[in-house]
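Shared chain: subunit A. Partners: subunit B in the first complex, subunit C in the second.
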Partner chain A sequence: MSDLLLIDRRWIARGVERTPTMRFVLWLVPWVALLALGIYAAGLCLYYGLNQTNMDNRFAFGMWIFLDLAIIAMGAGAFFTGFLVYILKQADLKPILNSAVVLGFICYSGAVAVLMVDVGQPLRAWFTFWYPNTHSMLTEVTFCISCYLLVLILEYIPVLLRNRQLRKVPSFLVFEHQLHKLVPVLAAVGAFLSFFHQGSLGGLYGVLRGRPFAFRQGFAIWPSTFFLFILSAIAVGPSFLILVTATAETLTGRQLVQPSVFRKLGFISGLLLALYVAVKAIDTLVWLNITSPSLGFGPRDYYSYWPLSSTFLFAVTVPLGLLPALLLIMPTTARKRGWLLLGAALACAGVLLNRFVLTVQTLALPTLAFDQFLRYIPSWQEVATFGGVIAYGVIVYSLSYRYLPLFDPPKGAGKHVSLG
Partner chain B sequence: MSARYGMVIDLDRCAGCGACMVACAAENNVPPASPRATPRTGLTPMLVRKVSNGMEGTARREAFIPITCMHCGNETPCVSVCPQQAVEVDKSTGIVMQMPQRCLGCRYCMAACPYHARYFNWWDPAWPVGMEKSLNPEVAVRMRGVVEKCNLCHARLHSAKEKAAAAGRKEIDHADYIPACVEACPTGAILFGDLSDESDPVFSAAHFPNAFRLLARLGTEPNVYYKSEQAWVRALAERDTERATEGKHV
Partner chain C sequence: MFPWVDGFQWSLGHIVFLSLFFAVVLIIFSTLVSAAWRTASVFRTHRATEMCWRMNFAELPEAERRCRHQLAGRVPSRICDNAFDCRHCPKYAEFAALPPRAPSRNVRVDYSADLLYHRGHTWVRPEGDGTLTVGLDELAQHLIGHPDSVELPVKGSEIESNGIAWRMAKNGHEIRIRAPIDGTVVSTGENGDGWYLRLHPRDPVNLRHLLRGAEVRGWLSSELDRLQSQFSASNAKPCLADGGTLMAELMDAMPEADWDSVLEATFLET
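This part shows the complex of A and B:
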């Protein structure tokens, strides 16, 4: 590639091919525009208040909480891959680890940013650390997510410092080297924190005695949703990592990791998903037959409202649960890229739907006999704010791919059509 | 002093006039609704709901159910969820207290409340020019972005305590502590008092055969009771939809 077309050549690692600078800039333009719109929408919400959203006293949580829970589950690929590589010594997954770390960083930092807009008094966020209510699942979530985001930043810095120009600064090189030694420790700490907050996010709704649709019995202080959320997050995290990496491969026209890495991640994802579906089925039966009736609510109170009927329960269990698990586990389908990606996409869709059901359907359902089933459509400010987070993710991942050694060693196929 | 303050609301007496709602708003400095507010974004710590037995014609029956914070006495749903202890149960009164000064505005408590008796300040509080002179100096105005709810007119409890202290008494005179909604009800439908005091009229009213609590099976032990002679009203409150649509009178 001529230096004329690659004017940022000095920042790109030696020996790798990247798309011409102008083409890369053009790829970024729409995402930067979306990010700008998102920042404007978030600014409106911060300046004028949450009256800019379509949430209300009954629908106290809306699209933001649903998508926050969803992207945090997707971001589980980061801690879980670290756990597999450094704790369970699955060294063959190491080539995808940097990508997983960046993805985790994007998901968690994006979720925290949206949460800061979602609260009525963002400047009081520190109150949770100063006056923590140790009985609240949200306290646990806040502590663990804050700490884990710090861990992700510490894991991302060594990747960042391996940039060609940054490596020229001697102190950066020493810092990166020292920090790199800490990575296994960070992976262990990250795994511990993540198991807890993924569970606490499930516990957020599972402890709500006043919402029989979400309320679950459990073990000790944790409702069953605590364990189900951990299981579903570690099941879907690798699938999301497969999807993002495969998308990057398509856009860059390069093979970034060996197919065996995809197959292994897919197998782990499928196996955990199958286990999740089995445990979830038992949990649902216990809830419908014991927990819920004891509170005076039956299936008719939950599943007689269109469109949030029992179809969703079926969808989460079979076409978006068992089916992707089989696609990812069975060697005949897992060997074929198309089936593998379909399995991963269905697995992600299943967990998305599960988070939607728990967050949105719980609030839509009436509790008092004279209440109505509620509908809620997010405002443009809510959609744009979240669109901004998606754009932020694409931009950070694109920049990381272009300037940092995300996939080690890079598998250049020699094509010059890369968008990264 | 140890009490368990609560109410018994006689639904057969409630005419749905809304005087309790107005008195509550005036007493607690609830600002006028924003022009953009909807029934789902307003501030109504006391809200009178109209219900029916679902029948038509002569079989139709209607009633009004005032809904306020139930001041749950067991596993109070909003207390355990608040991440920064902005909600607590005052053990000496049984009142579930909200501290707007500490509230983050996360609204987790609102999601937790089965009675939908918690309200978020979606707008900056604003009063028409001149109307601010009518504000109650005993009650702080809440800012945008925090949650609020009925606190059984806690400022009145403070005043009663001050009066008792000035008179050299340790206990308040119950006649000095009456929430605004109770005082304003023209039909005397709301009875207020100490549910733990057997000599208090509210105690016997709560044990009236036709007294009931909303969503009692959740096990949160609400301190707001209702009573009605009409079986369909009781059935509706207990989520017994079959009996609720019969519309039979006892």
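This part shows the complex of A and C:
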């Protein structure tokens, strides 16, 4: 036991305080159990097929696609923070960049893992690359997410190699330094890829002509949902980063970043969210008054089915849209940690609800005269796989926080400097 | 994906989409290959040791990066930004001309005015035949005492300043001793000899980066403060110093201390 404690202590950076080993192990136990359950459930789905889920030919998108859309939107904080730091030269956000990279890596690797279960037949995953259907938004999503996951792995490697023990290997340290110097290239590629796959995730709903609830007009080959998804992702990414970092601060009892970093991220998030709400409101009005009637559908066809009533539309727009935007922008509320976190949480909840509505409500609504309103309750295997991805995220972030330099060391300690 | 694969179309959309995809993949892999190539180049041109040292130096806490002139009391406060390499420091001559005001505190650790000290707790003594003798200083010897094993470089091997000169093991801890100077190993000693390496230095010999005189007392004083703080229990209340002397064989006497952190701070690891 004492050997385990010694090994654990040796991997934690010198000069930083971390929770005692046993307490950390106890924190991990329930998450590891949830991850194990998730792996078991995913194994059942891969072995027996999608009959383990409550999805069918009509309800082909379920909880997993909602999870994918949600965590990819939340993971946008990684590319957007990298874009702000390396391309727009917002150096004051650098202290939170490593944390953003790890979060992005978790979100995208989790999304790819759950997509593998959802699509099934993982041994044939390469088919999508070898025989691409370039007319499909999903092909663009697959290509961009795969490439961006590669980018995130390359961005994560320098963080990983700065671990106390790994950095003692000279080749690791030099490689880390050389890769770190090239990170701006990766940040630019990441921004390009994210722009397109965030958009295409929205676009794939907007082109569903047979689903009037989702179908939208747009610009050139892109429906309006393409742009709305990009905007909402870059609006909510920084908010999610704030929430996760604030949660880590609460759990560890330490200040990890300066409040000014939170305020700046919050302001950017709020501003983009306000823009998103404005564009979304215009888009909704155009859809309800022009696009939808031209297809023979009115608002009653969408919002008269409990529980997916117009309350959801109102919730996404006002209490989970406009309100958090104001909380994050107004100096009087943004200065107070509680209001700032509430704003960030509401913003995240808003985008989660938006992704849920677009995934579930689109498929639940009847589109033909003989159609029924469908109900979908995920099976325990779907829920467990969902939980497994969440547990995976918590475990990777916890281990990264414990053993890697996610945040700047305390004042007076050494700092990473550019050596040219 | 390729013209010879079933389903490929010579349409504009297809070509644009796949071109973008291949461009992105090419950039990602070029970045990785470029980083690997540059890493190999650093090792090929023997710049790895200096680069690793500079990166480690940048990670040292501020208190461990204090300039020798602050330690000697010549300037009130100054953090070294030159990786302790005073040979290339543009400010060295300006500060070295100032009178030292080193702390009068008796550090109770023997140090010799004839020796030149490196911050990694080694000393250097120029010999009459042009070689340099390298040993471990008193404070380091108090900490380690008798090592369980010593791994010295073979005769004729090249060592680089701030690279690893030799390794020691004690109570399961590996201790890596940084070289105070560049040179070729002429002969090796043992713990009982009082020295470990005799080097033939690279020309031209420049020992300006090594501490001497008042600087050594100031440096040892700050090192003792650090040790005291590292050895005190994390929940200990502020208390008066006892004024005692440093015990011998501290690693044996205080096995419960966080020796990884103590040794890393003492021998300039991060």
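Throughout what follows, the second predicted complex is superposed on the first by the 401 of 420 C-alpha atoms of A that agree within 3 Å, B and C clash if a C-alpha of one lies under 4 Å from a C-alpha of the other, contacts with A are read in each partner's own complex, and residues count from 1 in each chain.
Quick note on the criterion: a residue touches a chain if its C-beta (ideal position, glycine included) is under 8 Å from a C-beta of that chain, and two chains touch if they have at least 3 such contacts.
On a predicted model such as this, the values are computed, not experimentally measured, just so you know.
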Three-chain arrangement built on subunit A, subunit B and subunit C clash or fit:
fit
For apex subunit A with the CA centres of subunit B and subunit C, the angle to the nearest 10 degrees sits at 140
Once the shared chain is lined up, is A:85 touching subunit B (first), subunit C (second), both, or neither of them?
neither
Kindly classify A:171 by the partners it touches after superposition: subunit B alone (first), subunit C alone (second), both, or neither?
second
Touching partner for A:294 - first (subunit B), second (subunit C), both, neither
first
Between subunit B and subunit C, whom does A:334 touch in the aligned arrangement: first, second, both, or neither?
neither
With the two complexes superposed on chain A, say which partner A:14 touches: subunit B (first), subunit C (second), both, or neither.
second
Thinking of the overlay built on chain A, is A:131 touched by subunit B (first), by subunit C (second), by both, or by neither?
both
Which of the two partners, first being subunit B and second being subunit C, lies in contact with A:370: first, second, both, or neither?
first
Thinking of the overlay built on chain A, is A:193 touched by subunit B (first), by subunit C (second), by both, or by neither?
second
Does the superposition put A:60 against subunit B (first), subunit C (second), both, or neither?
first
Report, in whole Å, the shortest distance between any C-alpha atom of subunit B and any C-alpha atom of subunit C after the two complexes are superposed.
7
Overlap of the subunit B and subunit C footprints on subunit A, listed as residue numbers
130-133, 135, 139
Can you name the residues of subunit B that touch subunit A in the complex?
34, 36, 38, 40-42, 49, 51, 65, 67, 75, 77, 80-86, 102-108, 110-116, 118-124, 143-147, 214-215, 217-220, 236-239, 241, 244
Subunit A touches which residues of subunit C in the complex?
1, 5-7, 9, 13-14, 17-18, 21, 24-25, 27-28, 31-32, 34-36, 38-39, 42-43, 48-49, 51-52, 54-56, 58-63, 65, 172, 258, 260-261, 264-265, 269-270
In the complex, subunit A residues that touch subunit B
49-51, 55-61, 118-121, 124-125, 127-128, 130-133, 135-139, 142, 204-205, 207-212, 294-297, 301, 362-363, 367-371
Subunit A to subunit C touching residues, read off their complex:
6, 9-10, 13-15, 129-135, 139-140, 143, 147, 150-151, 154, 164, 167-168, 170-171, 173-175, 177-179, 181-182, 185-186, 189, 192-193, 409, 412-417, 419
